[in-house]
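This report concerns only the one structure given below.
Labels for the chains are A, B, C and D, by order of writing; each one numbers its residues from 1.
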Amino acid sequence: MGELGHKLGLDELAGGAVGISKALLAEFIGNLLLNLFGCGACINVTQGVDAAPNIVLIAFSFGLAVFAAVSAIGHISGGHLNPAVTAGMLATGRVKLARAILYVVAQCAGAAAGSGLLKAFTPDRAAGKLGVTGLGTEVTSLQGFGIEFFLGFVLIFVVCGVCDPNKPDSKATAPLAIGLTVTLGHLLAVDYTGSAMNPARSFGSALVANEWSDHWVYWAGPVAGGVAAALLYVHGFSAAPVDIPP
Amino acid sequence: MGELGHKLGLDELAGGAVGISKALLAEFIGNLLLNLFGCGACINVTQGVDAAPNIVLIAFSFGLAVFAAVSAIGHISGGHLNPAVTAGMLATGRVKLARAILYVVAQCAGAAAGSGLLKAFTPDRAAGKLGVTGLGTEVTSLQGFGIEFFLGFVLIFVVCGVCDPNKPDSKATAPLAIGLTVTLGHLLAVDYTGSAMNPARSFGSALVANEWSDHWVYWAGPVAGGVAAALLYVHGFSAAPVDIPP
Amino acid sequence: MGELGHKLGLDELAGGAVGISKALLAEFIGNLLLNLFGCGACINVTQGVDAAPNIVLIAFSFGLAVFAAVSAIGHISGGHLNPAVTAGMLATGRVKLARAILYVVAQCAGAAAGSGLLKAFTPDRAAGKLGVTGLGTEVTSLQGFGIEFFLGFVLIFVVCGVCDPNKPDSKATAPLAIGLTVTLGHLLAVDYTGSAMNPARSFGSALVANEWSDHWVYWAGPVAGGVAAALLYVHGFSAAPVDIPP
Amino acid sequence: MGELGHKLGLDELAGGAVGISKALLAEFIGNLLLNLFGCGACINVTQGVDAAPNIVLIAFSFGLAVFAAVSAIGHISGGHLNPAVTAGMLATGRVKLARAILYVVAQCAGAAAGSGLLKAFTPDRAAGKLGVTGLGTEVTSLQGFGIEFFLGFVLIFVVCGVCDPNKPDSKATAPLAIGLTVTLGHLLAVDYTGSAMNPARSFGSALVANEWSDHWVYWAGPVAGGVAAALLYVHGFSAAPVDIPP
């Protein structure tokens, strides 16, 4: 395999087929759980589609789903579960292009599967749009982009901080910090943008509900914010190397 | 004792009578606390049986009850507190059949005791069905099975991830991760199925309220999901061995 | 000092006057913060005394106040902050009688100071009874005793589990586990008994509000439950000794 | 540089220009995120300015924003993010005057930037005063000072406890303890004072909303409480030195 193939990471994939297929399955299942549990919490079976959303409930559902998924499969795939995380890792050289593309495909497929299962498990009367993201009242798409940019920014900023190899004290609580940052984003943004923070989550809902209004916002915002945060952290805020006992 | 007795774990029980009785008492008390505190949070003493459920309140009660119980007795019995966990451990060879059966009996007895105490402590006017699980409006039993399958799946998937002996960094926060995954399940499922995640919890409530509609769903769903998650984790996602300082 | 004085712990106090006075100050401040923040969260400044209580809000306030106080002063006094904890430690020989009595005095004085400050900071119109504990609608004093018994039981059971010297993995998250168990108790019990879990907290409120109905319940319940849990844990569930690196 | 310059810390700044500029950028970004996410959670896009505040939602937003920011940049600047923290560290000699002043400037600038972004992202109809702090109904400015004093006190008391170099067990959960103490303060104080706990947060909101009523309360209260807590902890409650493996 040539120089370009190496840079793109094709050799990594060819030489580690078991590793990459496990990682893709892990991302698939993680995003399936995120859309099933997170979007499912947006549904009110008892009162139906007209009930006001309970933002605290929704925010903890998405956050704890990420906490659960990262706790279970973080060691297999890195626990990205989000194209914005993958884009940040790609921009800072921590994953290669071929792996990044496959991750994003697995994440979107998992999210679609999770939203599909949710549709199957939910009475039609209550299903509505199955938690699809959409802009709030009078929120412009540019405002939505700004909000989603900072949702991606804060999430990847925290991911970089708690996964910094020179900060071993952060390791034990890293999945919790990442999960509760997802909760934080939803506490702010459910009524602004529906709070994607994550293009795959938004894609899965949109596919199953066939509702694509302003869908670009949910890719451009978190990815741009995530890449900005990863570059800022790696070039500005990485911890100094420390001696860690082996 | 013969070959079969060994495989079933009868020798383990015979040779460790103190150990097994402590473990059974631990499971009994843990499930007693779960049904007392979790189902108790479903009751509204002030407004009575017609009050709408506060799902966030209920979800944190069940989750924090599991966190508390695992923190207190996890080192004695493994902190299963749930036949679906025990079934997952049995399917992957981590407990033997005899121990598994005794655990499930202790869990169900503890749950029944917890629900019985709750009945004694609650004014009749407010007791209602004491938090018994039941399918939500228009939710079919097959849909309920699907939801309970994934409740069991996510719980045992996380249990496997945080208790993986090759992931020592997960150990400190394992009880919290397990507890908050129980919270996650309830945030999704209270209005779908009442959110058992746990056949013993459902059994204890059903016995005291004498209400058995769709009771099979609360055994079949979490157990099937738990076994699927345990097999998937052990065969697909176990962490590679690491050198841990003794 | 004679044999009796030694058993009661009088020599410990005489020989460690600086240590004991620091510990008493720590307990005083911890209980002051608990009553100021916990009982303060029961007050609705905007809507006044007729507003329905927000149980989730109240439960996290008491729990996070304990988490904060134990994080700040746990290493000085052990972070009891509760006569039921002190009684459990006394019953299992981990504190001596003289120290236990002084702790309870400091805890009650701190709670009274916290409730007094709360009264000073709160407009009269909204103050009501300043979060005093009382039995819910139709709850008998015996039922209240039962609930408060299990509030004390679960709290001291968790304290014993996470502070077990042979479970070093529990140490990092011990203050969080203790705090969130206080949250758990309140999620269940606010509408049953007002949820004391802690005689000092109840005493401080009762003194400032001059409201003593059923006050015995808030001493007898948590203390009996706490002593039962401590004895059960120490004699039945203590972890086996492990080699901990020095 | 002379003796005075040394005491004020001017030499520290001159000799560590890269270090200090990174630290100031870290504080700026942290406070930007705090005001964007925390104050943003006070806004109800759907129902507009007349909606009642959801105190649980607001309290977790501010707390989790602090948790996220400290997780990401705590190792760069110490993660003060609050002039009351900086004042406490100054009073106990852990930062020097020049660095403290620059920190406060960066914190206030970050908070103003966060509130400014929030204004840009929010429809005018729903923006209201963008979460500016103000005294609750009938709360006097002296009562407000008392509440804000204890908000600063509890926060810096916990910061000192979990960052005590002789308590290594607290390190892993320190960012969580600090963040959830911010949540605690808001659960108590949103309806008393709007719950600043943090002069920079209050300043940023006040600048963008141009609303300065009782603004002194939000500087004097947290700073006085923070200095009191830091002095009390350092002189009374510091942990005894322990041998930590290097």
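Criterion: a residue touches a chain if its C-beta (ideal position, glycine included) is under 8 Å from a C-beta of that chain, and two chains touch if they have at least 3 such contacts.
From a predicted model like this one, the values you see are computed outputs, not experimental measurements.
J.: Along the shortest chain of touching chains, how many steps lie between chain A and chain C?
T.: Graph distance in the chain contact network comes out at 2.
J.: Report back the single chain whose CA centre is most distant from the CA centre of chain C.
T.: When every chain centre is compared against chain C, the largest gap points to A.
J.: Same or different interface residues for chain A and chain D, judged by whether over half of the residue numbers are used by both?
T.: different
J.: How big is the gap, in whole Å, between where the Cα atoms of chain B centre and where those of chain C centre?
T.: About 28 Å, centre to centre.
J.: For chain B versus chain D, what separation do you get between their C-alpha means, in angstrom?
T.: It comes to 40 Å between the two C-alpha centres.
J.: So which stretches of chain B touch two or more other chains?
T.: Residues 56, 172-173, 176, 245 of chain B touch two or more partner chains.
J.: Quick one: in the complex, what on chain B touches chain A?
T.: 52, 55-56, 59, 136-139, 143, 146-147, 150, 154, 157-158, 160-162, 164, 167, 169-170, 172-173, 176-177, 180-181, 183-185, 187-189, 191-192, 232-233, 236-237, 239, 243, 245
J.: Which residues of chain B touch chain C in the complex?
T.: 22, 25-26, 29, 33, 36-37, 40-41, 43-46, 54, 56-57, 60-61, 64-65, 67-68, 71-76, 117, 120-123, 125-126, 171-173, 175-176, 245-246
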